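Here the chain labels run A, B and C in written order, and each chain numbers its own residues starting at 1.
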Amino acid sequence: MNLHSNVPTGAIESAWTRTKSSLKLINPANKRKYKVIVVGSGLAGASAAASLAELGYQVQCFCFQDSPRRAHSIAAQGGINAAKNYQNDGDSTWRLFYDTVKGGDFRAREHNVYRLAEISANIIDQCVAQGVPFAREYGGMLANRSFGGAQVSRTFYARGQTGQQLLLGAYQALERQIQAGRVEMLTRMEMLDLVLVDSRARGIVTRDLTTGEIKSYAADAVVLATGGYGNVYYLSTNAKGSNATAIWRAHRKGALFANPCFTQIHPTCIPVSGDYQSKLTLMSESLRNDGRIWVPRSAADKRAPNDIPEEDRDYYLERRYPSFGNLVPRDVASRNAKYVCDEGRGIGESGLGVYLDFADPIIRLGRKTIDERYGNLFEMYQRITGEDPGKVPMRIYPAIHYTMGGLWVDYNLQSTIPGLFVLGEANFSDHGANRLGASALMQGLADGYFVIPCTMANFLADHKPDHLTTDDVNFQAAEFDARQITSRLLSIRGKRTVASFHRELGKLVWDHCGMARNAQGLRYAITKIEELEQEFWQNVNVPGSGEELNRSLEHGGRVADFLQLGALMCRDALEREESCGGHFREEYQTSEGEAQRDDENYSYVAAWEYHGSAEEATLHKEALVFENVQPSQRSYQ
Amino acid sequence: MKLTLHIWRQKDRSAPGRMERYEAGNVNPDMSFLEMLDVLNEELSVSGGDPVAFDHDCREGICGSCSLMINGHAHGPRARTTACQLHMRHFKDGDVVYVEPWRAKAFPIIRDLVVDRSALDRIIAAGGYISASTGSAPDANAILVAKENADRAMDAAQCIGCGACVAACPNASASLFTAAKITHLSLLPQGQPERYKRSLAMVVQMQKEAFGHCSNAGECEAACPKGIRLEHIALMNREFRAAVFNLRPAAGTRDHGD
Amino acid sequence: MVAQAASNRLLFYLSTTPGMKVLMAGTGAAMFGFLLAHLSGNLLVYAGPLKMDHYGALLHSMPKILWAARLGLLASIGAHIWASLVLTRAKRKARPVAYQMRKSRVSSYASRSLMLSGAWVAGFVVFHLLQFSTGTVHGNFHQGEPYENLVYSFHSPLVSVTYIITMCLIGLHLSHGVWSMFQTLGWNGPQFDRLLRRGAIVFGSVVTAGFSSIPLAVLFGFVR
């Protein structure tokens, strides 16, 4: 298979403008004759569905929650980047582009990233026009802050609820189109399969989660915006329902899956407290601006934190990284927390945690100032743990937070299946091996508001509407397959719950394909996961029937896909014999213990083709060419 | 600790429902309320029982999915806390806990504790937006917004659409939800052109959806996990009145109020 | 044309729940105004029979104004009751299946018992008119001598206690109603809310205390 990225030639600064003027158009009267399916109503899906409907296409939009407003984008806290340079601090499209490519450790496609940086400014304009209440200065101008170690203040925010406000903006735009009759919204619907007709994406199969009805929908093109797959790890900062089913089943139908092992681990989450734990909660990274991270010097030290004197504490980040200290990037902070816990010096009952201490800053700045800065985060922490971080050091531990990998797409966001477009976290496009803070929201909205409306027209212009219906044999076959999977899950009636399989898978992937990976562990994990998958299909217990609301059945189907994806993640990690961004192979590190990239051999996108199992999957490579930036080694010492 | 649970069980929309009793034997104080239900459900599935269906997703108080009436309080007894953020340390060993779905004509029960809240989406669809089609926006700093107004708009915009206000209201009114959106948008300059049209359409839709009226009981404000305030309902009343009596038809079109 | 549009708008407004609530608030305000006036008139008992009867006579000497006020009051009561019935029915429909367990957090007893206190008052007004305006249920009625009529009636502890209970219920109704009126009309905000809530309780208490003092005074022989 030949991977055509379709990136424009010529100067990168004007590439998107030139592309837009060369993309084909459809006249307004004809747009009405085309049907587009959008799966997902997060930032990417809602913005795409609304924008496509505004242009005149007939859109059907699907989500598994009871309302499009509940998509997981709602949970993003920190903010959204845009190269507006409102602060006059030297920001520019170029600088945002460069920071993003470098942040991604030079494993992203230059042209996609440049376009993202370019569009970022339009996103803010669009959102403000929709009434998104971004923070403002007294003069009425928009406020910015610097985020995730960036040297310029380019992050726009709405208190600690930026994702919520951006999503509500997109959701309201979507509701406007629903009211106008241009979007049909189908909620509590789970996409179970993609339907191909003549090798082109022509529709989907869904299960109605309230009635259990399995049904298919036909269209002229299909857009997937179904979010990330962090829940492979069972415990993550993702919402409980976040799943990979839509992209995985599309992958099984032929869409290549790119860089599955590129996952991001966030260093400051609240640690696990027991095996009943169902998810992890993110605490904003900003806490590291003042808080100091430490563990006891000795593994044997089991005293309460406040009883451990200064000389018996190890402020390991400050010790190892004198110039960046507690502010090293996410992956470095996470990995070091793992190391100290591996040494047995982790804190808390599970030994999986480190302290984030505010005692010093409180003495230096006063409790009042600290409360002003972090009051709401302290409150959130106290609500969950019952402890006041102003009095006892916070306990934190890394958790999986974002997945850079996803379905492979070209410059037009089209997957390897013609007519199948993938947006937002579900695709692999812009973040390389590591995503910078506040840039996922930007990508989701760039894809949905500004890219897909142009590239969709270009695709449809070559495909006359033919009013295909679901009577077509391909739809019937796909529906049949989906029913098969459902009835198979229900017929096993084994001894183990779906959740127990999910937990076991999560632990395997976390231990061997998490913060640090090595060949031996990855091989072990692949074997174990494949065994677990076999056991799953013999011993899982899914109670109830298929003709009703059945949460165990929904979960069962998702875990079946996670099992396969988990194995592919390990395979991809095994194959990539270098360290880059969030992918840290213990065998490939510098003498200082930092990630060692191998640009000569691994400067490519790994795109996997499905053949039944992770071992049989075949690898296709899209070479990454850097014409505008010079790959360099990161160093934080 | 041990708890006795009384949970509403109902097969589907039309089936009759009833309270059923369960013993939760192994409750850890650090669990969240939903995790306590997860554990119960795991026990039910291995013992051949029927797990309890409830809505949830983010489990951090922002998506608005969770929707449980716990011991007679929407989202449980703690102020400004969603059910997913409620931890078991606020209960005592031996407590008896009643768990029911939101109850309102406009929120039909789908199964057990899961209700259909699409009526809230339809209120937004009726007018809870600013018509700004993609691509037409001016520069974001072209229109200034006083910080005070931006902050007040944000206060109102924090609504998570959970429906606890409806559940807690003696009249099952959606006034707090509707008022929050009307306030958010009418405080911003961008919201002015459609201000009257929006209030009118949203209030009328609220009534069509069979929500009750507001008799100023204030229960909604006390139950709201995001601190949306009654002052927004006062503002909605004013906006709606102004809308009915002031809305001017655009030249050549028919009047809305007639 | 313009007038017609305006009246149509009014009708439309009254068909919505906020409109209906404004009707309740408006009619409630009218009744509240009457009560304050009525209270000040009635407090003339403490000035003696001459003053009070004179005041009654004065009112009756302006039949046009009197009847206009009576009609206005009657319409208010009618509209207030009608709206309360429509809204109560809608509210029942809005939650057809009750909770097995439901607790209130903040709503006052007053706000939850408006229908009860209101209905009681409505019944009372009928009795009250038969007693003091037509004399139908009065053992010793003298047209034009309110002072005598009143003192005579309140000598009966049963009548007095009934009145006092009623006054308490009116006070209760108003202690929520007066604040609620402002909220309904949209004349409330964080700066005023506490003031208005307290003000409503003060007004409710003044009405209860003022009116109740009269039967008490008669019973205990301060007014004879």
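Going forward, a residue touches a chain if its C-beta (ideal position, glycine included) is under 8 Å from a C-beta of that chain, and two chains touch if they have at least 3 such contacts.
The model shown is predicted, which means the values in this text are computed figures rather than measured ones.
Taking the mean of all protein Cα atoms as the centre, the chain whose own Cα mean lies nearest is B.
Taking the mean Cα position of each chain as its centre, C sits at the greatest distance from subunit B. Taking each chain's centre as the average of its CA atoms, subunit B and subunit C sit 36 Å apart. Between the Cα centres of subunit A and subunit B there is a gap of 27 Å. The centroid of the Cα atoms in subunit A and the matching centroid in subunit C are 62 Å apart.
Residues of subunit A in contact with at least two other chains: none.
The touching residues of subunit A, when paired with subunit B in their complex, are 47, 50-51, 54, 65-70, 72, 74-75, 84, 86, 122, 124-131, 133-142, 158-159, 161, 164-165, 168, 171-173, 175-176, 178-179, 185, 187, 210, 239-241, 273-274, 276-279, 281, 383-386, 449-450, 453, 495, 497, 499-500, 541, 543-544, 548-549, 551-552. Every residue of subunit C that touches subunit B in the complex is listed here, in rising order: 5-6, 8-9, 12-13, 16-22, 87, 90-91, 93-107, 111-112, 114, 176, 179-180, 182-190, 193.
On subunit B, the positions that touch subunit A within their shared complex are 11-12, 28-32, 34-36, 38-39, 41-42, 44-46, 48-51, 53, 55-60, 62-65, 81, 85, 87, 89, 110-111, 114, 116-118, 120-121, 124-126, 128-141, 143-147, 150-151, 153-154, 157-158, 160-161, 184-185, 188, 190-191.
On subunit B, the positions that touch subunit C within their shared complex are 6, 8, 19, 69, 71-73, 98, 100, 103-106, 168, 170-173, 203-204, 207, 210-219, 221-223, 229-231, 233-241, 244-245, 255, 257-258.
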